[in-house]
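Read through the structures below before going on.
You will see two complexes here that share chain A, one where it goes with chain B and one where it goes with chain C.
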Partner chain A sequence: MRTFWQKFIDFLGSFELAFALLVLLGLVTFVGTMDQQNLSLYDVQKKYFESWIVTSPVPMFGGRLLLSVFFVNMIVGGIVRIRKGKSTLGILISHVGIVALLFGSFIEDQFKTEGQLTLWAPERFSDINGNGVFDPGERFLDSNNNGRFDDGESGAQYRDPDTWEVAVTELMPTGAAREYVVPQEHFEKLEDGGSTRYQHGQLPFDVVLSGYARNARPRPVTAGEARDGIGLGGFVLASRPAVRAGERARNWPGLVVTLQPKDGSRAQATLLCKSASESQGIIPWPVRMGERRFQVDLRNRVWDLPFRVRLNRFVHEKHPGIQMAKEYSSYVTKFQGTRATDLHITMNEPLRHEGYTLYQSGWGPPPEIDPNPSRLYSTFSVVANPSDQVPLWSCLVIALGLLIHFMRKLVLHLKAESRRRTPKPQGEMA
Partner chain B sequence: MKLPRLLHRSTSPKTALLTFCAIALLAAGWAGHASAGDAGAGSGAPATAPATTWNGRWSEEVLELVATIPVQSQGRVKPLHTWAGFALLGSNHRRSCKDADGNKLKPLEWFMDAVFRPEHSKNHRCFLIATTEVLDAIGLTEDVRERRKIKKRDRYSYNDLFADEKDRRKLQSLAADFHKVDAKKRTRVEMGIVMLETSVRMLEGLNHLVAFAGVQMPVSEVPGMGERFPAGTKAGFMEILEATPRLHALVKSERGAMDPHAGHGHDHGAKDPKLSKQGQAADDVLTGAFAAVRRSLSIGMFPPSGPISQEKQWFAVTDVVGLSTLRGMLDPGHLEAMRVLGDMAASVGDQRQFTAHLKDYHERVRKMAEARGEYEKIEQEVAFYQLDPFGKSLVLYLIAFALLGVTWLRPQWRWLEIAAWGLVWGTLALHTYGIVQRCLIRDRPPISTLYETVIFITGTGVLTMLLIEHMGRHKVALALAPIVGALGLFIGARYEVLKGTDTMPQLVAVLDTNFWLATHVTAISIGYCAGLIAGLIAHVYVLGKVFRIKQDDPGFYRVVGKMVYGTLCFALLFSLVGTILGGIWANDSWGRFWGWDPKENGALLICIAQLAILHGRMGGLFKTFGVCQGAIFGGMIVAFSWWGVNLLGIGLHSYGFTSGVMRGLMIFYGIEAAVMLAGTYAWWRDRPKKKAVAA
Partner chain C sequence: MRRATLLLAPLLAACALLAACGQGEETHEFSDIRDRTKPRSTVPPNITAAQRYGYRDPRAMGPHGGDPHGGNPHGGDPHAGMAGMGHGGTMGAGAKPFTWKTPEGWEEVKGSSSRDGSWRVKGEPQTDISLSKLRGTGGGTLLNVNRWRKQMGAADLDQAALDALPKLKVLDRDAVYVNIPGRYGGGMGSKGASIEDARMLGVVLTLPTAAIFVKFTGPSKVVEANQAKFEQLVASIEMAAHGGAAPPAQPAPKRGGLPSFTWTIPESWEQRKGRMGRVVTVAPKGAKETDCYLYLLGGDGGGIDLNINRWRGQMGQKPLTPEEIAGLERVDALGTKAVLMKAGGAYGGQSGENIQGATLYGAVILKDSYLLTVKMRGPASELEGEWDNFVAFLRSVKEK
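This part shows the complex of A and B:
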């Protein structure tokens, strides 16, 4: 008599479950693909592929749930419980490859950081602030105090244009700065209401975030709202529909920041709102607490690079007589310590160094803005992905496994065909 | 059910054989007609035809010389033969057109007429108008159409459409409006208007290409020219062009360094108070010279004199004249080439003279191109298009299929079966030769465009079928091989017509990598191919069950089922590896392995479908019939990934968008859904009987 757990394990490793998961994964992939005509890629990823459950247009399991169960199914059924032998060697190897691929994707999902780095040519260092160097200080805080950034040598920074952070920067009398950062994943859940409090021992106040809107603009309060005490400084955040696929516009977030001094004095609050035009956004917010000076900003998420990059020359070449791009190339120098290395970054040939990869992703100024620029800038996608090369190795393992399995099947088939065509001895025929 | 009975009752084997051959030959003829390939300039009159036999048609000698003249267009250097072929294909949806007398003209004949006999070319029916609504839109009302004998969707000449100048202006104005509409959102009529305007403008550009040769201007007041051309006489265009650097220097010195270009080229007839009387005369001549070539087609005809590393763009007639009149820069090589071009235009009536000038022009341009290393592929490309390997392969595949059909009726004719087998292999060799030639001409792996995926997948499909046949010798795959070949090449030809542009275009920067084109693109295309082949073989199984063919031969269905299964395994290997390689490429290009982009999702869907079929079979959820139904469904997913996602017009892979593909795709989905439904019905119909037998 098999126990419930034995049956459950059987089910987890079964072909039936694998088949059902594949069908459901196919369904969610198809619907998610078609919905890209209506939603932005980012929204589609969140809704279909990075979710546990999808509620509309029809209820279905989300990609994250399906892939998680599929991962377990493959380990239980495809690796642990599979019959081991010559006939299943290839299958086993390819399952190991797929599990490694999925695991690599999980690592990427959890630990990958990405952003953009824009450099001007020539002689412009990758320090985006242009002047001076940030004291990296302590760059992160929340009530759990997790996710602290490493202190270290300050280097170039890159920004993620798709995610945001609230940065509280203390401006030191020496001219240096110390930053305390709350990343987007900590406050985006506030879109449905509520507030979150953040604390740090070095700060004289607690930071309370609330009223987050993914796409918003500040507007003056109406007379009625003013009567009811709604608004901050005569403004409220007017939420806007999220930008959809194919639209040139992008989402500009906003939220309410309240600083509650630890000494019990009166709290200060403001709206932080980013905009395509800096002049339209209410940022950054200067704050003075006694002798200490701070500024609070809502900005694209910033990451540090452990090395510096200088753009020496940018080449943008078109095919003769047409507008089609032939080449985007950046000739750069990488500085680390006292060493300087000249490198070439172009399409399909990124720069990989110390776990970071720099890809050629853009350039400017756009001709419609400046037809004859005196100098060009080059934009790089910067990615730190611990599982960067896992897909390559997984691919080789999967290919090897499938080759072993299918070649074996083919040889067996050919042998059977050969037997079929060989005339049987007389006695047998009788 | 009626068709087989009819054949059984009224058709003897001999009649059936003859009927089959007739149908196959008709189909072959039709396919050859539908093929976009060019039968080749060399296939007509002998090349030795004397140049003096001018009788209104261009001699073969002239056409052969013109074929290998290099030009630069759409970012690459190509033979004029290729340029003219695609220009006419885009305009007329055929690589031929008819003149007023109904004579069929090859692309180069049309080109030569358009350039050197503009008025004559305006009677050539080289504009396909797909819908009469386009005619309505440009103002050709019913009575006007009746008067001009324009009645239906057809091919028209310039003079048919624009006997009245206001009709031409109407088209221009409408096209300008519709140009503002996103190409993917244009209606059929709007698209027709825009395409017609493009084609008409191209013809007008060709008509004006050497119009400068007839331009004469009074230059009696121009310094340095008045002595040679006193009042009452006029200077020819080439004398003026030769003098332009000097005249430009004069105008520039009088204006000062402030703005040497102002005052001519844009504002014809305007007087500049800074200029003396002589300076003004020089400026007027410069303005007039530029105006004389302004309407000529902008096609790179003259290679720069410097090395290719310094200057990549070739010069059109407008560029040469523009540079000399606006900047005072005139390359002596270009001046001479233009002079010869003018001489050609002036000697059109004299074939001997014309041919001599043409040879001179060809030699000059060839040498200039050769010096830059841009001529080495020209003759090879002309030979490729003249051979037309894909058009010929299409016809040969159909003939092979017809021969195989005969062997079904006459199984004892073993020699015919061997001949058919040999013909399929031979045709595949020709097909492969075409693919290899394209690789050599482009210096690229076999696939770098959507068109090339069709050609490559078709060839791989035929090869796969032949290998399957070689392994099993069941004649099923052999019969399907020429069908795959003919169908695939027909789709390729239709796609070429639909696009109407060069199928060897330059690639955007991200695709400019032979390593990834050779690995990811090739692997994924083989995966597409195998997925489609599995679906096609599955049709034999499902339709066999539906129509109860070979009911008493379970071995037949077992063999077909094995073929489907084996091909699916083959497909999975390449689809999965190809998809992951695509992710690795994306990781090297954009910094992420997987982005849920529609094209990526399409590839993933193929892998998921194939994995689901194989796991369902291994888990005992379904047997051979289910595998075959799944393979047909898998074929639909391949079509979605290959063509369907491009039609969404979103994502990083949207370069594959092609208008007009949707209808074909929908027809395919409809047919496949019908086959699957019929299969499901057959399964339901036959199931109770099996139970009864078992009982």
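This part shows the complex of A and C:
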């Protein structure tokens, strides 16, 4: 008599489950692709592929759940329980490759960070002697009118325009700052209600986040709301439908932040949201607690690079007579400690250093905005992905396994054919 | 397949239960803590919630709100990292609020009453250059840039495209600079006919209390040839110093919610034209590159240490420790002790000024509701022997 667990293990490693998972993966991919008509690429990824369950437009399993179960199915059925021998060697190797690929995607899902770093190039100058260096006597376009030649901008942080974070910054008397950061994945679930409390031994207050909205603006309370005591400081957060523009959503989130002092004194609360003024974004909230000064901000997610990059020159060349780009190139200097290294980043030659990859991804201002810019900027996509080489190696392993398997099949087939074509010895006539 | 379906059903139910969780309050420890040598941005400590939301103070407008782009009585451009301009009334009615230097080859012309300055290129009647300001934000930068683009028959920009536009300094602040080719259909109140091959140069500076516009339209070739002059004009715009000759003691303009001041100018000094945000600017007579000014910040204005070390940073000096600052000279001023500092070196100011061999005298007065700074900087040769005058000027400042 087989126990429940034996049956369960059989099921986990079964062909039927693998088949069902592949069908469901196909389904979620199809629906997710179709939903890109309504959602941004980022939102589709979050909703269909980085989720456990999808509730609308039809309830279905999310990509994260399906791939997790598929990972287990592959290990149980494709590696542990598979019949091992010469005939299954290639298949076994391919399964190892698939498991490695799935594990790599898990690592990427958990640890990958991605964002943008935009740097302005130096001001343009008349390079009389063609040495690429601004020399005394050469003329330059003083784009910011400050009377001096400005070198290219340098930066050591990259910003993800798609995700947000709440940062509680303590402004130290020395001018330094310490940031206590809550990432978006912690507070975005508050869209449906509830609150989350954050604590730290060195903070004189607890931080409570609530009332998150993906796209919101402040509005003054109505007379009725004021009578009913609704609103914070005379304002409420008015939700707007989430919008999409191109592949990236252009939403301004908002939430309620409450600081609850540990000494039991009165809590302070505010809305963090975009200013109603077109030209302003989300303006941080300054708070004083005794002698200590803080700022609470809702901002795009920011990561630090372990090195600094300065843009020395940006090259933008077109093919003769047409608008097609021939080359986008950035000549940069990487500073780390006391070392400075000159490097060249172009479309298919990213800068790879210490697990970070900087790809040439954009430039500007575009001609339709400024036909004769006095200064150009270059935008790099920055990716930190500890498993960025895993897909390559996994695919090589899978290819090797399939090659072994099909070569063996071919050899067996050829042998069988050879045997079939070899004339059988004729029996003697009776 | 039936077996698979049966076993997947409880998994789905478990997921649904998990998804339903999440209501109520969870508690977490902060795990992502980052130390920085300086904050990524700072806002004035006295900024109100209404100002952060882009509204007037609700106490002034009542529960129904009002003009979302209204003025900002307490001032403060949060993105400038300091209290900045504002303090309504600086740009008073009546006298023109700006001064400028008309570029060679241009002439001033009489413009409409809504303009603060109006010019054209000599011999080019189709050109039109204007300077104007609006109270409030004038609808915001994006709206105005797109209004101009419409006048040129160009498509609207979105916020990201606006952010990518180049900047030009106006009154020491970064203003959006547009350069739009197209067919000019005429702006508000335009009397001229449309121009086919036209170009528009424009600068928009949006502040919490005001929006400032400088615009140049005309035939494309003429505008291109005069682009550098347009940028010269923009760079030369300054706030006008009203009040004429300085009497021995003068009241400062009233700043919303903050005190006004009087002061006595030393005999060998004179009052100069100020810049946006300053209470008053004075300087030794004959000193060309030196000025001394009072600057008022609400709240603690960043505190004494931050201001002292900010000035030291402008002089290329290392910051002082709190103990070293505690040891700085102090004098009586405004009923408290003003902290004094001197520094020498190469001065690099926020607006790009650069003075080699400079001297900086500074004083910080921290009161309960505001912080007043007195700063004097210029070439060491011009400041020689002026320390006593600086201290006398500082001590003469009184609340009105």
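Simple rule for what comes next: the second predicted complex is superposed on the first by the 368 of 430 C-alpha atoms of A that agree within 3 Å, B and C clash if a C-alpha of one lies under 4 Å from a C-alpha of the other, contacts with A are read in each partner's own complex, and residues count from 1 in each chain.
Rule of thumb we're sticking to: contacts are C-beta pairs under 8 Å (C-beta built on N, C-alpha and C of every residue); 3 or more make two chains touch, one makes a residue touch a chain.
Keep in mind that this is a model prediction, so the values were computed, not measured.
Bringing the complexes onto one copy of chain A puts chain B beside chain C with no clash. Within the superposed three-chain model, A:Asn300 lies out of touch with both chain B and chain C [touch as defined at top]. In the superposition on chain A, contact of A:Asn348 is made with chain B only, not with chain C.
Judged by the touch definition given at the top, the superposed model places A:Phe235 against chain C, while chain B stays out of reach.
Comparing chain C and chain B on the residues of chain A they touch gives the larger count to C.
Look at A:Glu16: by the touch rule set out above, it reaches both chain B and chain C.
Within the superposed three-chain model, A:Val383 lies in touch with chain B and out of touch with chain C [touch as defined at top]. In the superposed model, A:Asn215 makes contact with neither chain B nor chain C. Contacts of A:Tyr198 after superposition on the shared chain: chain C is touched, whereas chain B is not.
Between chain B and chain C, the smallest C-alpha to C-alpha distance in the superposed model amounts to 5 Å.
When the two complexes are superposed on chain A, the residues of chain A that touch both chain B and chain C are 14, 16, 245. Touching chain C in their complex are the following residues of chain A: 8, 11, 14, 16-17, 20, 52-53, 55, 61, 65, 69, 143-148, 168-169, 171, 173-183, 186, 189, 192-200, 203, 208, 218-223, 225-226, 232-235, 245, 250, 270-271, 273, 275-280, 283-286, 288, 293, 295, 297, 299, 302, 304, 364-366, 368-375, 377. Those residues of chain A that touch chain B in the shared complex are 14-16, 18-19, 22-23, 25-26, 29-30, 32-34, 36-37, 41, 44-45, 48-49, 101, 104-105, 108, 114, 245-246, 318-322, 324-328, 347-350, 357, 359, 361, 381-383, 385, 388, 391-392, 394-395, 398-399, 402-403, 405-406, 409-410, 413-414, 417, 421.
Across the complex, chain B meets chain A through its residues 72-76, 300, 312-314, 471-473, 506, 508-510, 512-513, 516, 562, 566, 569-570, 572-573, 576-577, 580-581, 583-585, 587-598, 601-602, 604-605, 608-609, 611-612, 615-616, 618-621, 645, 648, 650-651.
Residues 1, 3-4, 7-8, 11-12, 15-16, 18-19, 22-30, 32-55, 58-59, 61, 63-66, 68-69, 78-79, 137, 139-143, 154-155, 157-161, 164-169, 174, 178-179, 181, 206, 231, 234-235, 299-300, 303, 305-306, 309-310, 319, 321-322, 351-352, 354 of chain C are the ones touching chain A in the complex.
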